[in-house]
Amino acid sequence: MTEKKIGAFICRCGGNISDYVDVEQVRKEIAREDNVTVAGINMFSCSDASQEDMIANIRENGLDGIVIASCSPKLHLNTFRAMAERAGLNPYQYIQVNIREQCSWAHTHNKDAATRKAVSLVREGVAKAKLSEPLTPIELTAQPSVMVIGAGLAGMRAALALGEMGVTVYLVEAAPEPGGSIKGRKSLFPDNSSGHELVESLLERIRANGNIVLYTSAEILEKTGSVGNFTIRIQVDGKNETTLSVGAVIVSTGSGSYRPTDGEFGFGLSCVLTLNQYIDMLDSSTDTFLLNGRKIRNIAYIYCVGSRRTGKEGNRYCSRYCCSAAVHTAVRTHEVDPSIGQFHFYRDIRTYGAYEELYHEALKKGSVFLKYGLKDPPQVTEVSGSGLRIRAKDLLTGAETVELETDLVVLVTGMVPGENSQLIDILKLPVGKEGFFNEIHPKLRPVETVMDGIYIAGACQGPKTLSESVVSGMAAVAKSASLVLTGKVNLDPFVARVLTEKCTGCGECISSCPYGAISMKETPDGTVVEITESLCKGEGACVAICNEEALEIKGYGHNMIKAMIEALGG
Amino acid sequence: MIVDVKSTVLPKILVFSTDSISDPGIDLAGASHMDYSTGAMVISVPCSSGIHPGWILHALKNGFDGVFIAADGTDCPFLEDCTARTGNIVAAAQALLKENGIDPMRLKMAAICSVCSESFVSHVEKFNSVLLKLEA
Amino acid sequence: MAISREHILALLAQNLENRGSVMPVRQKLLTRWADGLGLPKGGKTILYTGHMYQIMPFIRAMAAKNKKMDGSWLEKYAGFATVVNRIVNIVNLLSMGASSDDIQFYNDILRNIVTILGRHGIKPGYLYEDELYAGALAYDLGLDSVFERHARAVHDLLRRCGAELIITVDPHTTQMFRLVYPEVLDNFDIKVKSYLEVLAGSEREIKGEEPERSIVVHDSCVYSRYLDMVDEPRRLLAGKGFKIVEPLFSGRLTHCCGGPVESLFPEKAREIAEKRLESLPEGTKDVATMCPICLFNLKEAAEERVHTADIASYLL
Amino acid sequence: MESAVTLADMGFDVALVEKEASIGGKMILLSKVFPTLDCSSCISTPKMAAVANHPRITLFTYSNVKSVKRDAHGFRVRVVSRNSYVDPQKCTGCSQCETVCTVARPDQFNDGMIARRAIYIPFPQSVPKKAVIEKKGLSPCSQACPAGIRAHGIVSLARAGKFREAAKRHLEDSPFPAALSCLCYAPCENRCTKGKTKKGAPIPIKGVSSLMANGYYGSNDQVAIKTAPDAPEKRVAVMDAGPAGLSAAYHLALNGYEVTVFTKDSAPGGILAEGVPEAGLSRELVAREIDNVIGAGVIIDTDTSMTPEEAGRRGFAAALAPVPWNPDLVMDPVVKDGIVTYPELVDRPYLLAHAIGWGRRAAVMVQALVEKRNSEDALVLVPALKREKIPAKDPHYTVATKLSEENVQEAVSGCLDCGVCSECRQCVEVCPGGAIDLAMKPSTCEIDTDSVVLATGFRLFDPARKPLLGYSRYPNVITAMQMDRLLAPTRPYNALLRPSDGKIPGNIAFVLCTGSRDVNAGNPRCSRICCMYSIKQAQLIMGALPISEVTIYYIDIRAFGKGYDEFFQQAEGMGTHFVKGKVVRVEEVKDQNLRVHFEDMEGKGGLRQANHDLVVLSVGAISNPGIVKVLGDDRVEQDELSYIREVDGTVEPGRTSVDGIFVAGAASGPKDIPDSVVHAGAASAQAASYLIRTGALK
Amino acid sequence: MIRVNGEFRQRARLDKNFNAGQCFNCGTCTALCPVGMAILPRQLFRYVLLGAEEKIVEYSDSIYSCLLCRMCEENCPEGVLIAENIRALRRYLVEDVYHI
């Protein structure tokens, strides 16, 4: 590669560089470097005129590598890569050297030293350019289809959205019926919509859409392939197996519900129910609202059952939806029978955002809220003849003990992760410490997982209200659609590669890769590792642990880095 | 005429920064005109967990007096355990340096985020004085 | 406590029921302020004092006596107070000895109000001895049934004299007529305006001659928060050339003077008045009140520290 | 940003319009974010870069949407880019302009806690990193000057101690700084807004100018005024050596003309040379000012009579000559039949500035005529000022009181910077890229689009609306946004200090639900974010100041998101005090410390007070409904709190009442960052689905 | 110890002027009350909501200490008509306890 022709251009940045760095000196020094065919100075490299000059220069001199020493690559790397491309050069053979933010501006008091540093930096750039090779982004084709696992509301809505975009969707549900946890619900918060009707209307639209195939009582058996091209084998009704190929997968398997332990706040006594059990009762009651044939006078709710615990029992996290669900249920109860007294033993009422209006409604209709502390939780005991007695310290009334005779105790229980061990195993889904599926980053990439092409939506990711589940389902639609609609996946070319001659096949690197991109390969010359480029993220965790220097990231090769070090250190 | 670099007493520090996290922090130091040693020079890589220990040895054998890893820390866009992994690299590199008779003090690591300009400058200055002492 | 609350309540109820006022002082003392003003009796537009200003001197006297009552016969026979009261007007007994200076002071305020109204061309009528207490205290203390009966009597009186517009002089009477009567009575439709509203709405502008004198406004809780009357007094004072200084708590966020609990918890009332005085801006000299209770209570508490006077005195 | 990138990734072309000069919203200004304490900037900047570099995204920053109108194809969106006076193509973001700018403004990106300049780059990580100038027309003083002097520029330069630059700035507009500062009746001071405020006196502009002019002539330091590079080879004769004529000659010369002034007199200057009492303006100074004219390249031919005809014969392209007073002349110069006229200022000699201004405008007219016409037609006449003795007692001639430099500094520090940019042109001179153009016009463009996504976010509640909390009355009561800035690495004071005295606060209170869950504040809902950001700040404070006490006063702690309650427990574990009871009143006590009043429900009970040295108001989120107004006939429905209503909050997130218009993020209701980002994803899915249904995807 | 007395609760709820049930316990009213009594007015209402009739009698002093100045009401974030609620309690005392 000694015959490589490199052009180096030093930018004055209208004085921002040239006031503190002797650019002419830098140019002279660089012009003496091997392979440097052209060394020039620009007033503003980023200006159109300078770019045109450089393009002409590249073409006239047949340059196959250029270095521009100017500002931070964060500002103009893409500008100049595009310029290189216009000049017919591979954009990855363009090297930017930062002599503004990391040289002239940092060393305004010592022009000599700054100039020396600039020379070193440009030499480093030239060294890099010498060894730079043309790279092309990895392009994968993507199947125009998506599998949605879990036909709860989030999954159904996501499937519908994709179907309406013309994407083929396989909606796979483990239960015999779609609809998830809400299909039997009469009235959902916050707007009292009927769960049954919601599910039915969505199902109707799904059936009317020709792009969606619904599998119920279905099980995922196996997944192979990677982003854009997954092959997934499923089994329906325990017998029929089907193999489907999809570009992306959305997992929306929902959550489970916390089951109190026996005796936890009286759980196990006949009139102690979980919130879901109580809502079932409310949903199934007709005009008269009776408990064991008796009119209900008082109901007590105990909040945060199984949530926000610090000890061994229950979960540490807040289950987010339960406060709103419970106050909504109380409002419904008030509407059924205004004479029922409803007492809520809570810790913090978390009816965030507009759900606050539900809380207000419950208060207005006569619900009384008592605040308990973890030190003195409510005690539920059975009273012969008259039902239940609940006793607690109310922190809002000077921590006085309040005793209440009640007919019913409702334990407001939260969400827990669903039982998904098989799915986790097959899809290699990342699971957080609470057992919910984990996104890559809650803010940057909230529905993506470390497995490219596999997205999560709804309560399988963590407790969510119904509308929040749908929102995340739709967000997953957006991400998967951008994958399958364009039909291709473009990945940065900076992925790992194996220098097979150095690889000893020790396999140390396999476990170091968090993305599962490295595997063993048998070759006639022995066992070496290989990289699945579509899985590799190019961060280089494997590079660091390979003692043989048999792994490197393209564009950051061992030889290149060492040459750069020598150029800088020399 | 360029003065021969070797004749100056300024320690040469190789800084490994990362493209999306610490490099912008170092840029910010310059953009704020915070002065630091001209002996500090930066090579940017995708992630600090991908720095090969051999490079560190190579740098200390090829003209550098110290290597500073401006690590991603908890802000790493790739790995949750980036800090731990980078720590392992430092440990491996220090072992390597010992083998080669180089003082492990010549390697230093700190998490630098995209706005950690002040902290970068103070790390470099501190490291600089450590290196000066080692020379003496 | 000198007389138990229970008995005071009963006494007040009795008085309102039987004597038409919670503070049944002699009729002559209530109307004396209007002597010589030549106000016509009755008419379509009536100035309604509600006795509030007039009774302040007697409350002061009673409070002083009540304090000294330890060991007196009344305490011993407190339980019989209501029985005695049926025959002997205890209040009258207690309030004897109101100072004539005090009487003059409060009467002057009312006379000032009439003078100011006159300057704006407003000459209202007055009910003289027929005028009844509006019932605020009974209402506030929860004596609702007594209050309702009394309100009906007041309404009848007003209808009999054909009043169309009542001009009130204090916030409590204004509140009763404007907010409470229409609520309690079925067909109360007489217009009610505070004299401050009447003045603020008057087209005739009386220019001020008090340039740049600073004055701190102490809003009445009832005017500001019940009746949303914050602007009017300020406009009037500014019109007179006063420089208005707002205390930390002013307008809708005014701080109570403590007066409302004077009759039951005089120490508490004093304590609250003290807090109010502390919250006034540093260097306060003149304070304008617009309610006789505020005036009475702040004046008592402030003694000579600041000069407290009714807004009517400033507007004169 | 999330919506834009997601839609662009799907293959749609996206135009992103942002009113500020940088994208990034509120998040980029935060220090760290809950519950992971990630650095906010580290999360935001990659996304900002992705937006800026995406081939399918066109970015309009510093721009406002003026209207959205539905047409046969979709929507036509009118976008007005606010005038930045900086060519973004040429600006390299080097900040040199910021260092020389003479006008300071409260920095909106630091919640007004510190100042930025009138020309500014929003913040270090801004995208794009380009400067913009905040300019609100011309300041009244500059506007008032008949001679066209940028009085505000002179004042702001003087404030910066740059008297030499001020003199130069004056000389760009007129050659008579001393004469004007001495003789002008100073309409600028008359118009000064400061003088119109209750107790303010106007800025003594005349006095400032006088100090500037005398200082300039006192030093022997001559400034060079730039002349036009390509001088047209045209000659102009000026037959008046008075202020108007010399002013015209000066400006023509600066624009590259070859100018000769002819006068019958033995010395140039007209009224200046003969009519002014020396006590006011010394002959020496007059001579210096005439030297300015000569220095610009004007030839002065004294003791010479000249007529326009003669000038024409001698090959002058144009001639200016005085016109006698004529009562029919109107007050403004007019150009008619190739002749520029305006009245001679009989009896009003103090209108010197007008004469100078008219001379300058006459020069502009001459140029226009010369360039348009044949030389022999271009005859332009300018009247001279009447030469009579100026009465020394004329009230308009009160010579400016002599001010010392300190006096001037004190006086000019009160300048209100009415027009913001003072046009002192320091930035223009320093900009290496020549990017600044004060004559730039705002640009408007129309975009045809198939769908619109509204992502206008939220505003923060203004705590001044709760007077009992003392915000804006007590310096040490700040908002949480200000606290976040104090904690950010790019923070204003470079340390966590309290505003009143720069002390390190040792005992900090957070007041939750300021403007949330409050019918009285017009916001009955919970803002969702305040509990968590307060807990975050508490943790950061305790990290930065380990000995400090932090107390959070709350009604309910709403730590409901993934990992949030654990974060709350962690703060408790670190020693943050949580007190159940809303703070309703803050009063200032000794040393500008603060006493908060609250009901201590879980503690001793009843009313309690506690002292703190800094109080942070955790202000709630309110709607930002401005965008709805520009939607015209396609106005989307709003809810009771003016947030954009989603027609079906359960199954149709992001869909508004208008087909084709979608809402993303906190514009539909307050949301924390993860919820906003996910919601933006959902809105993109809705928009994409709509675009595909309506056949817009190519 | 408070034993919830359903009958007393029911009476309070039926009084159209008693709307303290809306209170979400922020403490604004207590913190602003010029009288400065610990239980005034929020905790007083809690006794009613919990049906603690004996507490109402016990705290009748506080009930009569209220100035009805509405400082609390003006600032109540939930729109509770506090002065009216106090009057309702006084009415209760007058009629059911003192029998006036």
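In this document, chain identifiers A, B, C, D and E correspond to the written order of the chains, with residue numbering beginning at 1 in each.
By our rule, contacts are C-beta pairs under 8 Å (C-beta built on N, C-alpha and C of every residue); 3 or more make two chains touch, one makes a residue touch a chain.
Everything quoted here is computed from the prediction, not taken from an experiment.
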Minimum number of chain-to-chain touching steps separating subunit B from subunit D: 1
Chain nearest the overall C-alpha centroid of the shown protein atoms: D
Chain of greatest Cα-centre distance to subunit C: B
Between the pairs A-B and D-E, the one where more C-beta pairs touch: A-B
Length of the line joining the C-alpha centres of subunit C and subunit D, rounded to whole Å: 56
Separation of mean Cα positions, subunit D and subunit A [Å, integer]: 40
Chain centre separation in whole Å, for subunit E relative to subunit A (CA means): 50
Residue numbers of subunit E (touch at least two other chains): 24-25, 38-39, 43, 74-75, 78
Where subunit C touches two or more other chains, by residue: 253
Multi-chain contact residues (two or more partners), subunit D: 36, 38, 43, 46, 468, 517, 524, 556, 580, 601, 605
Footprint of subunit D on subunit B - complex, ascending: 20-21, 24, 28, 31-32, 74-75, 77, 113-119
In the complex with subunit A, residue positions of subunit D that touch it: 6-7, 9-11, 33, 36, 38, 43, 46-47, 49, 53, 89-90, 92-94, 96, 129, 431-433, 517, 524-528, 556-566, 569, 580, 601-602, 605, 649-651, 653-654, 669-671, 673-675, 677-686, 688-689, 692-693, 697
Of subunit E, residues touching subunit A in the complex: 1-4, 6, 9-10, 13, 19, 21-25, 38-39, 43, 46-47, 49-50, 78
Subunit D to subunit B touching residues, read off their complex: 36-39, 41-43, 45-46, 95, 124-125, 488-490, 494
Touch list for subunit C against partner subunit E, complex: 5-6, 9-10, 13, 139-145, 221, 225-226, 252-256, 258-261, 264-265, 268, 272, 275-276
